[in-house]
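You will see two complexes here that share subunit A, one where it goes with subunit B and one where it goes with subunit C.
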Partner chain A sequence: MRLLTHNYLQSNVKGTEKGYPLTIEPTKIEYEESPIDMEFVENILTKIDYSALLSARNQIEDRCHSDLGSDFIVPSLPEVMPKRYSDGNSKDDKIEEDETNQEAFLKSIHTILFDIHVLEGHLVCPDTGRRFNIKMGIPNMILHEDEI
Partner chain B sequence: AERLASIRNVLEIGSGTGVSTVFLGSMLREAKNTDATLFATDVNKDAIRVTCKTAKENGVDLDSLEAIQCDLATPLLERLRNKVDVLIFNPPYVPTPESEVGSDGIEASWAGGKDGRVVFDRAIPQIASLLSWPNGAAYIITVDDNKPEEIAKTMMDEYGIEVVPYVRRRA
Partner chain C sequence: VKPLDLVQSRDFPPRWGNIDEETNDSGIATPITERQHVHAVYDAIAKQWHHTRGKRGVLWPGATIFLQNLPRGSIVADVGCGDGKYFPAIWHAGSYVIGTDISLPLLETSVGACTREGDEGPELRQVSDQNLSFNARPPVAVADCMNVPLRSDSCDAAICIAVMHHLSTRPRRIRCLQELARIVKKGGTVNVQAWAFEQETNSRRKFAGTDVFVPFNSQPRYLDKVSQDEAKVLRGKKNQRIKVDQNLDKKRGK
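This part shows the complex of A and B:
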């Protein structure tokens, strides 16, 4: 399960007020580097919930250290998305920060959204504590009869 | 090609082997669409695994195919509300006894209960809430047993969604 997938998942157990974002409790993580498409990353930024991504990144950091070796560093992310991405309309406006910072930001986003895979673990509803398991990289969001 | 270029979100409910979404994914890639995110759901874990494998082997995984084991599109309803431009659904449409419906084994791929409509009927409100306006489209397979004219009427009367027969085949 990528963090991009996680960004879209919500618990809809009956009676849950807000089952989003789910807390990630990873027990096994893998890293698979993939080629970056900058334009694709820019477009994805207009769709994701940034604060959910931030907390997800922090939740997987420890497991990344233990599973991916001390050489692997989970890129850090600013508390707030750079303005040109948070306001979808300003994407084509003149650049506010310098090019290098921007490219670095996009690369960080790419790594975190696409290249870190949670293979095993749980997703936990922040509201009810309901746990959904992740096995072989697949989150199981199937509800029980009495939860619908 | 214009339509392909403008697609932002694709969702396949019940992806099975994943061929439909992966095929669309490769068409999107050919059309140089750099915006589309693909989602695939299935109740069966093996189907999800195969969907991911199909994507990987056809170079679609490079961009984005998010695969989730769930019932219909339940965990995606809020985040994708009115955002799905293309929705694909090949439901379990075979009329069967009620008892065969609701498993997560291979029967889930065909068992549709009375008129083969039990699963599809549950999906209707989800589909209506997920499609983007005005151009979002759902591509769905039915058989005559499913009473497609009835489906079309419900979609229009309750949701304002036009149902148009696209292709008709003899099975």
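This part shows the complex of A and C:
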């Protein structure tokens, strides 16, 4: 499960007021580097819940250290998304503000959204505490009969 | 793989009884018949399904065009994604898919299902280098379309192909549509396709009723340790006349 997928997942257990975002309790993580499509990443930024991404990143950090070795560093993210992305404004708005920083930010986002895979663990509903397990990178979100 | 029970019926051809009796209060819980004759069947036939339909990239009409017409960078929900056969089309169109399906065995066949562009393998199931990592770990989750585990108004589009005809009651079909509408943002698009009762006059498909089983002729080589006789399983589906298999004929003859 990538963190981009996690950003969309929600618990629908009966009686849940807000089953989002799900807390990640990873027990096995893998890293797989993939080619970056800058335009794609910029586009995605306008669609994700950034604060949910921040907390997800923090939740997986420890497991990344133990599973991926001390050489691997989970990129850090600013508390608030750079304005140009959160507003969805056109690029002409602030020209060449700080290209190095922008590129670094997008690369960090790419790594966190796409390249870190939670293969095993649990997703926990913040409301009800219901645990959904993850196996082979696939979360099982099937509800029991009494949860519908 | 455990063989399923044959459906016993005095009618000829066998007809599916009134399913509505089985639904509970909420109206959307899985009826036993669907669990036995749709869910369990797909779990059992997953490999053969993937080999005969998924791998060859046989897609339902208009789906490819629908997906290609989405703006690049769309987030697409594929509800009832099965072995992920629509994923390559979505990735090729520059979008991101999140697939859900009730069958874990089917979802597992989606992992690493595509070959790399240029390599040997079914052309319709190829991905570019850019998308190889999606192919290796497709973004999927096990879920019931009655409760799609995605947040509301989050997706740009959704597809739901060849799912509705497996939902045996009206409340369930309505609920599926409601879920699709819920997860897609306002202004987004949804593509739903399912078998029609009406078929063209020259079609070899003839539908005697609206609620019947369709037999699935499983090939023993896809099943582990199951004898040929036991390997006849029935798949629950609307709108097709049932074919009586050889064993039933012989039993009736006695």
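In this section, the second predicted complex is superposed on the first by the 142 of 148 C-alpha atoms of A that agree within 3 Å, B and C clash if a C-alpha of one lies under 4 Å from a C-alpha of the other, contacts with A are read in each partner's own complex, and residues count from 1 in each chain.
Throughout what follows, a contact is a pair of C-beta atoms (placed from the backbone, for glycine too) under 8 Å apart; a residue touches a chain by one contact, two chains touch by 3 or more.
If you're wondering where the values come from, they're calculated on a predicted model, not measured in any experiment.
After superposition onto subunit A, the modelled positions of subunit B and subunit C overlap sterically. Within the superposed three-chain model, A:E39 lies in touch with subunit B and with subunit C [touch as defined at top].
Contact with neither subunit B nor subunit C is seen for A:E99 once the two complexes are overlaid on the shared chain.
When the shared chain is aligned, subunit B and subunit C each come close enough to touch A:N140.
Shared-chain residue A:D71: touches no atom of subunit B or subunit C.
In the superposition on chain A, A:E17 contacts neither subunit B nor subunit C.
Shared-chain residue A:H117: touches subunit C; no touch with subunit B.
Superposing the two complexes on chain A places one region of subunit C into the space of subunit B, and among 2-10, 20-28 or 38-46 that region is 38-46.
Overlaid on A, the two complexes show subunit B and subunit C touching the same residues of subunit A, namely 2, 4-5, 8-12, 20, 34-35, 37, 39-40, 43-44, 47, 49, 114, 136-143. Interface of subunit B with subunit A (complex): residues 8-9, 34-35, 37, 39, 43, 45, 48-49, 52, 62-64, 66-71, 74-80, 104. Subunit C meets subunit A in the complex at residues 26, 28-29, 72-73, 75, 94, 96, 98, 100, 102, 104, 107-108, 111, 129-130, 132-133, 136-137, 139-144, 146-152, 154-156. Interface residues of subunit A facing subunit B in the complex, by the touch rule stated above, are 2, 4-5, 7-12, 20, 34-35, 37, 39-40, 43-44, 47, 49, 114, 135-143. The touching residues of subunit A, when paired with subunit C in their complex, are 1-2, 4-5, 8-12, 20, 32, 34-35, 37, 39-40, 43-44, 47, 49, 114-115, 117, 136-143, 145, 148.
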